[in-house]
């Protein structure tokens, strides 16, 4: 159960967006004069996944919940690590090769907690964010990534 | 002793520069279609350091050696970690508060080695790069950071 | 649409995503269940509906946009999302 | 400039940085040492020069832009940098 929290929008921000995350401008606001370190993680669409040649993919999200959940994850990172700000954005819709699917920025007075918080946020969003990936392959087939094998065929 | 190595400029790049590292454009070339992850570390001038109020600072470098050494560090990161590219830049000259002093970008097929390589590069450059920091404080005093106390007073 | 056979006292807005939306061939439906029903009760009702046997018994569920346990009691008008294995990142 | 008293057979371009440049009040000088001298020999010669007693015996040194051990033998025209504690990042 997600607990309601006071959100300080200067320190915690989250977006689920169909817009490009290339040089995502709102990240510039993450961090303050007190922060000597910032770390930006970018996830991109890879040309191959588990040995298969990816041609394109689409992310689908339960957008309202995903945005709340991503914001909650950023807030939890501030509770767990000595970081002052955490911003994160996840793309939805059709993505081509090399496009940015997810971006996470954390800022802190010192660098060590940035690394720990950034990794934690990525792991948390991968396990908790209600977002689904539909991968299409060069051979024409496609699959909902993560779906059990039995459920990944055609519909009923 | 640094061993001469073949440098692949598409995978390893290093700069010692007096120019701003804010949104440092050459970093965009770090990474390829095979890379699903990229990590950008930014170090910035903090308003306080060890409890003292910083007003400004200057970085001095043994520029030719520092650039070679930074390139060597990036190359070693590629040998040590499963990352495909490592670019790094260090600023020299006068810097104001919040300005970027150092930036490191690594890209890899998978995210885990990005974190390990990025941390390793930062630690290595902090211990090896022939770069010196002259901090000036709000109270008018200044110090060469890292210099032994006996050597941090006025010249002879 | 309203699912046939689910005609209880309270109405649950049920959302489907990803592979579940593909299996059910719909993204949203209204399910009526008995007052006092839990998340698990709703899932069992859905699994009994025509063409819904693919729905895993232990499906992950969110109620009103927060993850919820099977024992969570539902209220009229609740929004229940059936959450396939997530794959963000 | 050429340091007084360092008048050997080979000429070493000696570079100073940061707090060392401040202590010596110069950034570069030519030091002449005996042929066959090592890095440690050069450092000892420098420490004996007028106004150079502040130079640590175990100063970190780079020869021709690579870190070098005290036993490294110097050649005419080498570039030797005296490296104060570094503080990049």
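For the reader, a short list of remarks on this structure follows.
For clarity, chains are labelled A, B, C and D in written order, and residue numbers in each chain start from 1.
Just so we're on the same page, a contact is a pair of C-beta atoms (placed from the backbone, for glycine too) under 8 Å apart; a residue touches a chain by one contact, two chains touch by 3 or more.
Predicted model only: the values in this text are computed from it and were never measured.
Where touching is counted per the definition, the chains common to chain B and chain C are A. With each centre defined as the average position of its C-alpha atoms, the distance from chain C to chain D rounds to 77 Å. Averaging C-alpha coordinates per chain places the centre of chain A 26 Å away from that of chain C. Centres computed as Cα averages put chain A at a distance of 27 Å from chain B.
Within chain D, contacts with two or more other chains are made by no residue at all. Within chain B, residues 43, 122 each touch two or more of the remaining chains. Each chain pair that touches appears in this list: A-B, A-C, B-D. By the touch criterion stated above, chain D contacts chain B in their complex at residues 15, 17-20, 22-25, 51, 54, 56, 62, 65-68, 81, 83-89. Here chain B touches chain D in the complex through residues 1-2, 43, 59-62, 64-66, 68, 90, 101-102, 122, 125-134, 144-148, 150-152, 155-156, going by the rule given at the top. Of all the residues in chain B, the ones that touch chain A in their complex are 23, 31, 33-48, 97-98, 109, 111, 114-115, 118-119, 122.
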